[in-house]
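As structure tokens, here come the structures.
Each of the next two complexes has chain A plus one other chain: chain B in the first, chain C in the second.
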Partner chain A sequence: METWYTKRAVSGVRPGDHGILPYSGPEERNRVMSTFMSDALGNNEKVVYVTDTEPERLPGIGPRTKLQLHGYTETRQLVVVRREDACLDSRGRFDPDKLVQTLRTELARTDDEGYRAMRWTTDNSWLLHGRIDLSQVIGCEHQIAGAVGPSTMVMAVCQVDRRRCPPDRYAALQDTHEVLIEDDPRFDDGTLKIVQTYAPPGLRIEGELDHARQTRFAEELAQICLLPGPVHIDMSRLGFLDLGGLNLLVQYAADRPGGDPVVLDDLPPNVASTIDLIGWHRMPGLIRGRDRRAGGEVI
Partner chain B sequence: MGSLEHRAFLYDGTEDFLTGAVPFLRRGLEEDRAVVVVARAVNVAVLQEALDDCRNHIEFYQSEKFYEHPVRTLNQYQYLVQEKSPRRVFALAEPVWHGHEPRQLMEWIRYESLINEVFGDSGASALCPYDRVGLPPAIVEEARRTHPLLLTAGAARRSDRYVPPKAFGAGCDRGLRFDRPPTAEYLPLESDDLHELRAFVGERALAHGLDALAAGNLMTAVNEIAANALQHGTPPMGVWVWPDGDELLCEIGDHGFWRPESGALTGFLPPETALQRGFGLWTVRLLVDLLELRPGWDGTFVRLHVRRNARPGSHGDRKL
Partner chain C sequence: MSEAFSHRVLPYGGVEEFLAGALPFLREGVAAGDRVMAATCLGSEMLLRDALGAAADRVEFVQADTWYAHPSRTLADCLARAEEAAGQGRRLRLLGEPVWTCRAPLEVLEWQRAEALANVALAHTGARLLCPYSARVLPAGVIAGARKTHPETVRGAQAVPNPGYLDPWAYNAACDREPLPPPPEHADGMRIDLVDLYWLRAYVADFARQTTLPEDALQRLLVAVTEVMTNATLHGAPPIHLRLWTEPAALVCEVRDAGDWNGGTGFGLLPPPSDGPGRFGLWAVRLLCSHVQIRTGRGATVVRLRVGLPPVRVTESLTAYPA
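On to the complex of A and B.
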């Protein structure tokens, strides 16, 4: 598992971050972008969005922002730049230098416009389809990283639709970003963190899950268990799971409509050995999923 | 499935052993039962020789590996019974009685008694050999109290000293002593958040020589008992930790008055699923080497024993 990057919840994005947001569907993208945009617009920060989508249909534009949209574009707090103006040459081909220049130009104006920072975002999925030379895209990202990294005013988030992008191209693109952006945790008290995951659908639980945090976990579990198909609990960063937590997992797995399982991914060795000792047959509805530690993929 | 036939076989020497064990096992084969032998290495050897013509139809296990931890052993027998179902099991089951501390020995005797409850309607037949020549008379005497049926000198009969499991367990609990040295370290439980408790227990577990797995198991166990105390107990409550010989002891106490519904069987009977009542306490018994429960007028005290010299992770299920 690669660990070179920093995982950052979207509301923690800070100047100098050159982040990638790999999303697995409109729901995930909308949730993350909604936080990204509203954090900017509510905090005197400017958003530059390179896209051919109309402002009112941008991902993450909620009803409240929509009402004030005209004001935001008028004052250039929200700047929507069409691709042909931002990064295509006169023959309609991708022009990396032009994209970087667009960023630099918008950045240079930010201070004068009275905004304390600039958030740059665009969906890069179209660049990964195959016809465009990947090395051009990579080179462009390196330049953007060079512009963003040292800055105390700009943060950039490149969106990528994981489903539409070949894995090798995605991996190459991800390599050019230092920060992996994800949805804000559903819960985080410093001891336990619960993050919703989208591909596969489920939850990632980090830290320690015990008696004091069970109610919150149960609430999130109840929500996620309503989804159709198997749901996955990513335990790769779980330090402690108490027996009550195990009991909750079985309880909600047993109540799932359609009898779809709850899959436990990357079980920490101590939790795995406890369940082995108890016996998986005493955990109806739970199955063991992938184990990246062991290098094998079970599911 | 029918009721259990649980018989202690009190024998004198190898010849007598074979006179009782061989016909029992042959009868199992004739009745097309799943025939299993769990015996000490020396008895496995003589049985394999005596049953040479049919040894391939019998599963042999060595007691020295099968009987390492009472709760796990019972669990293992349950697997066996489930795995063989719908065939009924015919088992020669010989525990290991040597090399135990008195407290651990009592736990093994108690488990002989629990067999009657856990496998009560499994339809299994178990013949448990007791070597009257090699074993202390007290152990043989207990066998008459934990087995409803006896086989001695070729004669099968009821044991008139048999005590049902619940009453037997209550007797074991009455003998418990709960002394605690003044040097025991203490952490009061004052909030719902058990993070600090886990750190407290984890640090001491490692410092006293438990390996990471055993330390983790102890943390899970203490956490469970403490969570129960917080939920159902009465303050003040807290946790003591101290080393005692080659064991690390950990005791969780609160001042609530708890009368467990299932009495002396509380947490001993394996639950069918994690959703069943008693799952937590049973799992704690599985995770530590010994659990002692004292619900008294002055509060409820749960004492956990863990061996400090780590044992290999074998679960005793190796087939021969």
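On to the complex of A and C.
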């Protein structure tokens, strides 16, 4: 059901990408945007950020960038455009055409300014929870996709706060983006990928986990298990889990402060069958979570 | 409650003897509020239900061929129920009539081993086990074997100690005294100098997919092979050899290394203690495969994993190739 778009780690964003970043809180947004900004600023790429937030308070502006902020804005490597200048008409209403025009204008200047590419980003959450006509927003996104898609110079990331926008409006907006942006994996060697998830907090493990990568998994699991509340392990893309990996899950689940569980979501049939055989009663602290294959919620 | 654990064999010649031993055992359990189970064949179940009358409702009957499907899984299942009952301040009382007919010699050996190990695994739960053995149907060797694996024999209303009862671990060691036959000439295999578990699984899966092994059994085998190979790498000594072959109705996967194994680990014959998170290693491997054989000593450790292959359905394969 999640096949129409490409999931891309933020450091893999490339020109032509029109991506959406659904974030679940400031921590996730800061992590992703920090990579997005520093990859640009360190690689002679320009960032155009449409926001009413002051540059020094932008998400993803780390202490190091903050020190050089003046230089970046002076040289127009970081351009912060206020909403009223970027996308509001004279009466303060959302003006989609103006937003697209702003993007095109900034893009046209990029080459002359000596930057090899332009990264465009804005937080769209305010467009989704207000009284703004959704069709206007969708139309605007289509226009932006039309400007970004064929370009070899621009990549766009639209941020959306999942907590603040209604699911139907979010789904409609996501539909207009071809790329889903997410945090860089904590680990990825082609065989095993470990991605931190935020809502719910936990890890997604993809590929195959056996002794060869156990240490790395243990490190990530140890970190995540320090968080309060239930921790979720998304196993939907896990092809193989060895007994050592299962032992780690059992061990960390049993040792969690406060006795909160480790929830195993979307267990693949082969992993579920191993656990069933051994017996869930032997794994205090591990519980079986949602199963999207069985028709549960799709996020 | 641990003193109360008992594991008795009830050799019987006919129905009268069977009921004379089984009925008091079950009735006593019902009266005491035990969790009472009877894993028997359908014939015995009908006899018992008739004789028990209303008390039969408080006995959980399960079919013996379902209950006795896999030695390690049955032992684990039995232990789980015994511990659950003990946790509720009750005890498990099981009348268990093992299935012996149609078993290959290797299977018989594993069931006898399970009978012996039940004495160790269940002792702390206070469970009471009574195992009827039909003297008419079963070979004399099986009954003689039962006297080595059950501390007591039931005769009429009496339980008498078995003089031939062996320490379970001594019995277990005797089960593995015979060396394993060498792998067949046609076995597929190789020496592994650099263990790449990912590649190894792909190799085993390729081999297995040429057989009738169902996908779920293959996935379990892959977990088992990965564990055994990981053990060989971490605790064994090079060189490591992997061999794969098929036998009638089984796929066999062997991992051999040049290390000597310290037998103190118990080779995963008993489940890890359930009061704390134990490590699922060889014990889980035994659950995942149909049959596991381990031999170690004199500079070699061999672990042989066997999974059952369903028979080829001849009619289907014929219709697949129309003339």
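Basically, the second predicted complex is superposed on the first by the 294 of 299 C-alpha atoms of A that agree within 3 Å, B and C clash if a C-alpha of one lies under 4 Å from a C-alpha of the other, contacts with A are read in each partner's own complex, and residues count from 1 in each chain.
By definition in this document, a contact is a pair of C-beta atoms (placed from the backbone, for glycine too) under 8 Å apart; a residue touches a chain by one contact, two chains touch by 3 or more.
None of the values given here were measured: they were computed from a predicted structure.
Participant: Evaluate whether chain B and chain C can sit on chain A together after superposition, giving fit or clash.
Facilitator: Superposition result for chain B and chain C: clash.
Participant: Considering only touches as defined above, state whether A:L246 meets chain B (first), chain C (second), both or neither.
Facilitator: It touches chain B and chain C both.
Participant: Does the superposition put A:G279 against chain B (first), chain C (second), both, or neither?
Facilitator: both
Participant: Considering only touches as defined above, state whether A:A199 meets chain B (first), chain C (second), both or neither.
Facilitator: A:A199 contacts neither chain B nor chain C.
Participant: Which residues form the common part of the chain A surface touched by chain B and by chain C?
Facilitator: Of chain A, residues 191, 208, 210-212, 240, 242-244, 246-247, 250-251, 254, 269-270, 273-274, 277-279, 281-284 contact chain B in one complex and chain C in the other.
Participant: What residues on chain B touch chain A, complex-wise?
Facilitator: Spelled out, the residues of chain B in touch with chain A are 72, 75, 79, 82, 191-195, 198, 212-213, 216-217, 219-220, 223-224, 227, 230-231, 271-275, 279-280, 283-284, 286-287, 313, 315.
Participant: Going by the contact rule set out above, which residues of chain A touch chain C in the complex?
Facilitator: My answer: residues 191, 208, 210-212, 240-244, 246-247, 250-251, 254, 269-270, 273-274, 277-279, 281-285.
Participant: Mind pulling up the chain C residues that touch chain A in the complex?
Facilitator: Interface residues on chain C, with respect to chain A: 73, 76, 80, 84, 196-198, 201, 216, 219-220, 222-223, 226-227, 230, 233-234, 271-272, 274, 276-281, 284-285, 287-288.
Participant: Going by the contact rule at the top, pick out the chain A residues touching chain B in the complex.
Facilitator: Interface residues on chain A, with respect to chain B: 191, 208, 210-212, 240, 242-244, 246-247, 250-251, 254, 269-270, 273-274, 277-279, 281-284.
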